[in-house]
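Here's the structure, in structure tokens; my notes come after.
Chain naming follows the written order as A, B, C and D, and within any one chain the residues start at number 1.
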Amino acid sequence: MSPANPFTRRKDRIDELAATAASPSGGIAEAGAVDEKPGVSLIASAWSRLKRSPVFLLGAGITLVFVVLALVSPLIAPHDPAAGLLLDQVRPQSNPVPGPQDGFPLGADSRGRDLLSRLLVGSQQTLIVGVFATITGLAGGLSLGILAGAFGGWVDALVMRVVDVMLSIPSLLLAFSIAAVAARPSQVTVIIAVAAVQVPVFARLLRGSMLAQRSSDHVVAARALGVTERAIVFRHMLPNSLAPVIVQSTLVLAVSIIDAAALSFLGLGNPNDRQPEWGQMLGRAQTYIYDYPHLAIYPALCIIVVALGFTLMGESLREALDPKSRR
Amino acid sequence: MTDTATTPRPSRHGDEPLLSVRDLSVTFRRQGEEPFTAVDGVSFDVRPGQTVGLVGESGCGKSVTSLAIMGLLPPRGNTVEGTASFEGTDLLRLPADEMRDRRGRDIAMIFQDPLSSLNPVVSVGLQVTEVLERHRGMSRKAAQPVARELLDRVGIPDPDRRLKDYPHQLSGGMRQRALIAMALACAPRLLIADEPTTALDVTIQAQILSLLKELVEDTGTALVMITHDLGVVAGLCDEVNVLYGGRIVERGTRHELFANPRHPYTNGLLASIPRLDGARGAPLTPIRGSVADNLPWDHACAFAPRCSQPVDVCTAQTPPLEESGVRALRCHNPVR
Amino acid sequence: MARFIIRRLLQMVGVVAVLSVLLFAWLRSLPGGTVSAILGERATPETRAALTEAFGLDQPIYVQYLKFVQRAATGDFGVSTGVLPGTDALQIFVDRLPATIELSVAALGLAVLLAVPLGYLSARRSGSPLDSGLVILSLVGVAVPVFFLAFLLKYQFAVEWNWLPVSGRQDSLGCTRITNFFVLDGLMTREFDCSASALKHLVLPSLALATIPFAVIFRITRASVLEVLGEDYVRTAESKGLTARVVRARHVMRNALLPVVTTIGLQTGALLAGAVLTEKVFAWGGIGDALARAFEVRDYAVLQVLILAAAGIYVFINLLVDISYAIIDPRVRTR
Amino acid sequence: MRLKRTAPIALMAVAALSISACAESERDDSGGGDSGSSDLKDTFTFGAAGAPDVFDPLYATDGETFRITRQIHQGLLGITPGTADIQPELAESWEPSEDGLSWTFSLREGVTFSDGEPFDAEAVCYNMDRMYNQEGAGQQAAEYWTYFFGSFSDDPEGSLYDSCEATDESTAVINITRNTSSFPTILSLDSFSMQSPAALEAGDANNVQAQGEGFTYPEYSTNPVGVGPYVLESYDQANQTITLTANESYYGDAPATQNIVFRVIPDESTRRQELQAGSIDGYDLPNPVDWQGLEDDGNTVEIRDAFNILYMGLNPERNEALQDLRVRQAIAHALNREQLVQTQLPEGAQVASQFIPEAVSGYNPDLEPYPYDPDRAQELLAEAGQEDLTLTFAFPTEVSRPYMPDPQRIHDAFVQDLEAVGITVEVVSKPWNGGYLDDVSANGAYDAWLLGWTGDYNAADNFLGTFFSNLNQNDFHTSVMPWGETLSQDLQAADAIVDEGEREAAYQEINAQLRDEYLPGIPISHSPPALVVSGDVEGLTPSPLTAETFDTVTVSQ
């Protein structure tokens, strides 16, 4: 924790992570402990540690299963998740939610749609929300961050003011506001709302590591050799700044999925539930949660597990890439 | 892989050893990695008032030796064997709390990097007085003048102000002096200095060394000087142990060692020091290769691959440590 | 230092000002809004037009904004149209702030009290089963949607076992109100049953709200203790034979807590956001609750005040954090 | 997979509640704890979904507010409990003149307002004129007056109300400007309750100001003075609770329970849990899916008679295909309303054959809903040459109405029905307050949409008039239809008929035409809203108008 400029500490978590980009591969070795072999790159040495980290493997495993599920679920789902196959059983009072039965191991939802199929296929939309929200946030953050980090000076100052304004609104509140005022709520508005929260984070992150890069030897060298600013930014600075961004992304994937659920809970989610999505299913289940908690519990569990998977992966990546936490 | 235990013989001072290290071995085990023996059956004595040097390249295990003696190795992931008896009590078997009582009182230590070795958020004064509070049972108030006295003694100007200062406000030299003051606060009988000058400018180095020298001389504190710099040794030590790959490869009094180094490694170290009195243009002869090339000691000489005059046996069997008096040597083919 | 504070205060004003413009323009560029929220099905073109005019919503946005600024300058941030019609929006904020603060403080307190010691513990024992257990737990804490956790808590403790109240801030005991910090009021007026009741109501919401801050603070504490434990000065301290207590308190924690403090500052944001969910689920009647309601009924005045205030509070608290940071870290103080 | 629940807990809860109730009565100096017998609690706690706006009903607009003012205020006319029919309240009887333009109300004697002021003809006229003479912002705020009486004294032509004379102590004559079936029935609306002239004066009651984008209400609006069985004890905004206590000077029987506490609990499932935990005694509009569960847990779900209509509106101006009756009929045949009512709407809901519920006079018992018949629908579309019809069909989000508990699900069902007969549906949704209502009525932005109406009082005009009377300004854009004008004229004529029987016949005729010849939209269903109270609660009579009074409610320990 170098107290470089303690007044910028507000965004420390972000900036510290950013710092790992430019940091040497050596790391702090305990007295007498074997030092990393010289010349091993950051990523490689990180990977060598990751392969041994049970936390990472667990996280990666969960994520893998999730992604595969998202891809194949339409094929393995027993029924069409949008078809109200058990609708005729639904009675608002006596039987609002058809229970488990032949071919419907988990029963159906309030519209007589097979719950199992919806859970399976739900992984798809959930992944989409997570991934697109992350990508969108990343894209926004990247463009701002590159602007700021690459050119510094007044561009930097300006961009960072904007970012600070965005950061000054508590995250979920921002998503919440954006979703709440969307003219036509839909999956897209949800994604945008969730992504918007991440833009400033990514921007800061990238700027941080790019600034770290600016002063790093190889960039200075490149500049000394008269490489064009553009080339420096895109060939030298950007690639080396990505490590922390990757870490953050995995964490954001988790956050997005959870935030999306929160939005649905507040009635600001995607109104169209033909394409099931876990967050939406959970949010919608509030109506039935008292007598039919399983409608909420299943999607909730799915979300928790997947979010946990991403987080485990992200955190262990962070640890691995952060020379400070190598012991 | 055990050496024949050396029987302590009288030194110039002629009295019992203050610290006597026997067959000290330290092995690090980190999950997923080969166990690594950093110190491998090291034995040496330190007598009261004596200054003993542990010399070697980084990674030769000298720091680990000192930390092992101080009981400062990380709690997990390592095993320590052998004994380090200090006035008869084996420090290595001592319960943690008793060891705490001795640290800073009987044995003190100063470290390589004065900045990182000082707590940035605690005033220098407190970092000195806390030792006194702990071991002399003084109140913080009572400790103040003593601390002031100490700083003054290690040559820190305007000690009153410095007591209130924080490490980052001191210069590198002053920081090291402060560390020394802390170490000597309770007049320990043994002081271990781990590369105390490496992080300092050459000019400062000289000052610190002479300070140390002066201090040990008028307090009668025994000093274990850990360094890679034979220059330091030359200026300070009565007796020198040269470590290589976790073992002592040569031991002797300063004079013997500098006069006629027997081990090719010692020789190499000496040869790689630029000498002002050497013939102009006389080439420096560095030791080739690096620690990375070491062979395992079990049935070879670890130094063989880098040796200037290896013979077949060097790669075939472990050279034993042959001792005569203070002198000791571990080599199949010593320098004549 | 003073210059720094002033600069930051100005910055803060700047941020809020910019935010107010964006917010204002954005809210009014939305479809629907206050008028149709008030009129509902009963809306006729006449009544709609009349209301729109009465509220001055027919004027161009910049005019509306100027008026808003004008009134805001006199401390008048408009009146609520939906949350509590006719009540001064700022008043609503002031009335409800204590509720949110009470909750947030309880939650944050809970989080810190648990997270910091546990963080230290698991750093000390890093690699041990305890450590991994706590780490996983903290990660799970982040992965559980707050409102779901809230429901489970309510269901188990309030409905199934009936140990704690389901929602609200206090049973209707006709307690006297002074500061609207119910626990405090109860103590001040010696109506101890009021305090007790308020405390009972606090338990579940603060538990739910505390999970995420706990997780984050725990991880930061752990990471930074781990880092400090590896620092040379800790080894120095040990070499001086200081007691474990002194080493922990003076040499490890005093350094390790620096980043923790800043993180706590960051968490206030998360708290405000989490409050929206928690307060809704527990009918807490705080700012979050009002905010959610204000969105439903498109209560512009209240929305503006609450969001601006939230941002203001957030920025301000982080200013405090920076200052306190400067105070604990001599490297900053004595620069 | 239900979580099990246990009876003892409920008992414990009740015990806990009673304790807190005692604690309260100890502190409340005004609310003397004795409510007759000791096995009854002296407080009835009701979970409200939202906070009340103002306590002056003239400026109130929403159900949460009226539920409270209803306990405090009374009007000249009341509603017979359990029905939608009017009955004497503060007026014991009323007589129209020959021309039906002047109504004589003979008032109940010996009634005083809760501030001790006498209730007499003077007071009546003071109230009527006070409402009529609203100015400035007050006119916008007095939404119900605008809606039911038209305009204010500054625009007499537009106003239904003309004047009021106090002929003697207990006789008031109210003159109106035209005949309408709505009068005097509208006097039973909460907004037109009688309030203490003295208090109104003292509290500067009419001083409503538009400030910024809202209204500020005078001091009176938080200190209402009426004649009802309860008076406002306190509004604890910090704790979101409203406490009413018995009105000592109430002319009728003293309320069975001394105090009513309204606790604001915005979240549906939380209200359910609170009831379960015993900390509230009841709440309004429980979600239909909870009804069974609530009953199983020993609560009483009071199902009101449906007094509302859900319809699918059609806009023939935006989509000309809809100007062809056959197309509209095709849609009617395409919608499987039976299944919807069965699977999506609460018990007791019925398929609607016309735009008014059965209880309303003018309801035509002979009408049958269009039967579900996809084949017929396709034929009709074919005849009309609209095999590839495309509809923009909208539904609101972020809302739940008594007539449509979950708009989305109703919409989903219909989309499938429409697609089944080959109609392409363009699904649109907007937040209720986020533009949906504007798009429906102001912008006419959809071909088809879901909307409904809950009756304010028992008159066909309150439904049909609302929908179709205003030719140029109605959601159904009937102005582009040949019959639009006739319909609106017929409705106004029917409304003006003084004789009950004739009027009823006229409306029945119109309802028949609406079904067979016009079909401006498709009536879908009448669904009964419910009210739930714990098993310990007695004496609550559900009202179709959701206008319950709580003075007869008792809660046993």
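Everything that follows uses one rule, which is that a contact is a pair of C-beta atoms (placed from the backbone, for glycine too) under 8 Å apart; a residue touches a chain by one contact, two chains touch by 3 or more.
For each chain, UniProt lists the protein as follows: A, C = ABC transporter permease; B = ABC transporter ATP-binding protein; D = ABC transporter substrate-binding protein.
The model shown is predicted, which means the values in this text are computed figures rather than measured ones.
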C-D versus A-C: which interface comes out with more C-beta contact pairs? C-D
Closest chain to the overall C-alpha centroid, by per-chain C-alpha centroid: which is it? C
Can you compute the centre-to-centre distance for subunit C and subunit D, using the mean CA position of each chain? Integer Å is fine. 38
Between subunit A and subunit C, what distance separates the C-alpha centroids? Give it in angstrom. 23
For subunit A and subunit B, let me know how many angstrom lie between their CA-based centres, rounded off. 50
What whole-Å value do you get for the distance between subunit A and subunit D if each is reduced to the mean of its CA atoms? 46
Expected list for subunit B, residues touching two or more other chains, is 120
Residues of subunit A whose C-beta touches two or more other chains: 3, 30, 180-181, 183, 286, 289, 293
Can you list the residues of subunit C that touch 2 or more other chains? 30-31, 151, 155, 258, 280, 292, 329, 331
Could you pull out which subunit B residues touch subunit C in their complex? 70, 72, 76, 99-105, 108-109, 111, 113, 116-123, 126, 130-131, 134-135, 165-166, 168-169, 179, 182-183
Any idea which subunit A residues touch subunit C in the complex? 1, 3, 6-7, 9-10, 12-13, 16, 28, 30, 55, 161, 164-165, 168-173, 176-177, 180-181, 183, 254, 258, 261-262, 265-266, 282, 286, 289, 293, 296, 300, 303-305, 307-308, 311-312, 315, 324-325, 327
Provide the residue numbers of subunit D that touch subunit A in the complex, in ascending order. 1-3, 268-269, 272-273, 276, 287-293, 339, 342-347, 397-398, 406, 408-409, 412-413, 416, 427-431, 434-435
For the subunit C and subunit B complex, residues of the former touching the latter: 127, 231-233, 235-244, 246, 250-251, 254-255, 258, 328-331, 334
In their complex, what parts of subunit A are in touch with subunit D? 84, 87-88, 90-94, 96-97, 99, 110-112, 180-181, 183-185, 267-268, 271-274, 286-294
